[in-house]
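Each of the two complexes below includes chain A, the first together with chain B, the second together with chain C.
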Partner chain A sequence: MDILQIVGIGLLTAILILVIREQKPMFAFLLATFFGIAVFLALIGKIGGVVSMIEELADRSGIQSVYLKTMLKIIGIAYIAEFGAQIVRDAGLDSIASKIEFAGKMLILVMAVPIISIIIETVLGLLPAGGGA
Partner chain B sequence: MIEALGGWLRQVVAAVLLAALIDLLLPNRTMQRYVRLVAGLFILLTLAGPLLSWIQGDMDAKLAAGIEWAERGPAVGEDGGQLEAIMAEAKRIGAGRDEQAAELAVKGLEAQIKAVVEQEEGTAVKTVKVEAAPSADGTLAVEAVKIRLADPGTAAAAEGGEPVAEVEPVAPVVVDIDIGTNADDGKNYDRAAPAAAQTDAQPADDGLEGRIAALVAGRFGIGTSKVEVDRASDG
Partner chain C sequence: MNIDVSTIFQIAGIGIIVAMIHTVLKQMNKEDMAHWVTVIGFVVVLFMVVRLLNDLFQEIKTIFLFQ
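Right, the complex of A and B next:
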């Protein structure tokens, strides 16, 4: 039922935006933003359920919690960056949207730095003349 | 072995499943390459986990610290480096202080054991050596106590029950002798008994070590097996 509600509100918002955009483009942008936030807030409980399920799965399989935390952070960064970029793109500012996406990509890559450093350290340590790491 | 292998396999499967799930959850394709890179690295890390922890023991801690840095480091910048340096310095100083405190505690315990043994058993103690090591929960635990008693000959010459001998003249209970002659023998005998015991105590040293060990164990809560008592052979 939730999906029907969300689709209904989405259609309504789209019609409203189309009507308002002619008169006040600013309010159209605000309406789109509010709709996005409302959908996000409506689904936050379900996201929490999915996350707790994944956490339980990871806990049972003995996977390190650091991995799971990092993965969830990556998903969060990806979603937030995407959300922000789309809102800005809706406002007609593609360049700003691409900057937001770039920031998201960089933050995701920063998450990989410790893993890469550990792997490189290990490989250097394995080599006989690896500088005594 | 099989258990560890099973655990490792389970971790690998879980990491792959997690990566697939995250790939599925991604909002669009722009981030896909980057997320795949990180997920692939995680799978690689899980696959090589046993090898990594074999080569560098504290891999998990290092990884956790690295991720902490990745979240905070770039934003904090130089201050973070300074803070880290200060924290490291504080840890070093704290460790030095702990070591000093442990040394002091050991010295104090040695002095107390020496005083108690000398007071309770009346034997001269040459040295007391306490070996303590930090236990798993960070507290100091006594590993062994070595008590070296002074040579009995010198000990007897030094102290040897002389105070007791001096007491004897102070007991002119001879006054009682006038009252009852029958009881006198018993009393005389009783009075002689401690003196005899005192003189006997020096040769009968077989139980002295055990007694001292039990005394130290009971007084300081140290296991009897950890207390070692011996005699100084060279005076």
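Right, the complex of A and C next:
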């Protein structure tokens, strides 16, 4: 059972952090970061399986690969931004964490611009030509 | 799906031992040595964390098509 493993190691790490934080807060922060990275790294294999399934599904349904690539990149940006913001927030720097989240949102918006423009072009194509009457 | 618990214990152990050495050196009135010990321990642990972070970023790059 993977979840039991993760919960057990999480409890263990929390106790170790509480012990070390009294003496050296820097080491406590690095320990929390290490645990976050380790959990992420342990779960990313499963995420990879889901992603490959989505790719296969998109191949079969004949969606253009540009859409799928953009979507995967957006998911990746969201994961990384959330992860970094949480770690920085753990260190007590809320302002920097919110800047990281802001940067993630902006980059996602930039990635989505081509898709938005394609949607607008499609809608304009559906409208009757001329536009007079 | 295998988290290396030994590295977590290693980091916690380094932290506790560095705190102990810091206290001992402070008792011996060697403040500057104590600070150097803290800095060196911090750098060692930072290397471990950064190496794992590099692994994580490589994995994310390969899975989410960031080439």
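Keep this in mind: the second predicted complex is superposed on the first by the 115 of 133 C-alpha atoms of A that agree within 3 Å, B and C clash if a C-alpha of one lies under 4 Å from a C-alpha of the other, contacts with A are read in each partner's own complex, and residues count from 1 in each chain.
As a convention for this text, a residue touches a chain if its C-beta (ideal position, glycine included) is under 8 Å from a C-beta of that chain, and two chains touch if they have at least 3 such contacts.
Not measured: the values here are computed from a predicted model.
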Which superposed partner A:75 touches (first chain B, second chain C, both, neither): both
In the superposed arrangement, does A:96 touch chain B (first), chain C (second), both or neither? neither
Of the two partner chains, chain B (first) and chain C (second), which one does A:63 touch, if any: first, second, both, or neither? first
After lining up the shared chain so the two structures overlap, which partner does A:33 touch, if you call chain B first and chain C second: first, second, both or neither? second
Residues of chain A that sit at the chain B interface in one complex and at the chain C interface in the other, please. 69, 73, 75, 79
Would you pull the chain C residues touching chain A in the complex into a rising list? 1-5, 7-9, 11-12, 14-16, 18-19, 22, 38, 41-42, 45-46, 48-49, 52-53, 55-57, 59-60, 63-66
Which residues, counting only chain A, touch chain C once they are in their complex? 2, 5-6, 9, 12-13, 16, 19-20, 23-24, 26-28, 30-31, 33-35, 37-48, 51, 69, 72-73, 75-76, 79-80
The answer for chain B against chain A in the complex is residues 7, 10-11, 13-15, 17-19, 21-22, 25-28, 30-31, 34-35, 37-39, 41-42, 44-46, 48, 51-52, 55-56, 59-60, 62-67, 69-71, 74
Residues of chain A that touch chain B when the two form their complex: 54, 57-58, 61-64, 66-71, 73-75, 78-79, 81-83, 101, 104-105, 108-119, 121-122, 125-126
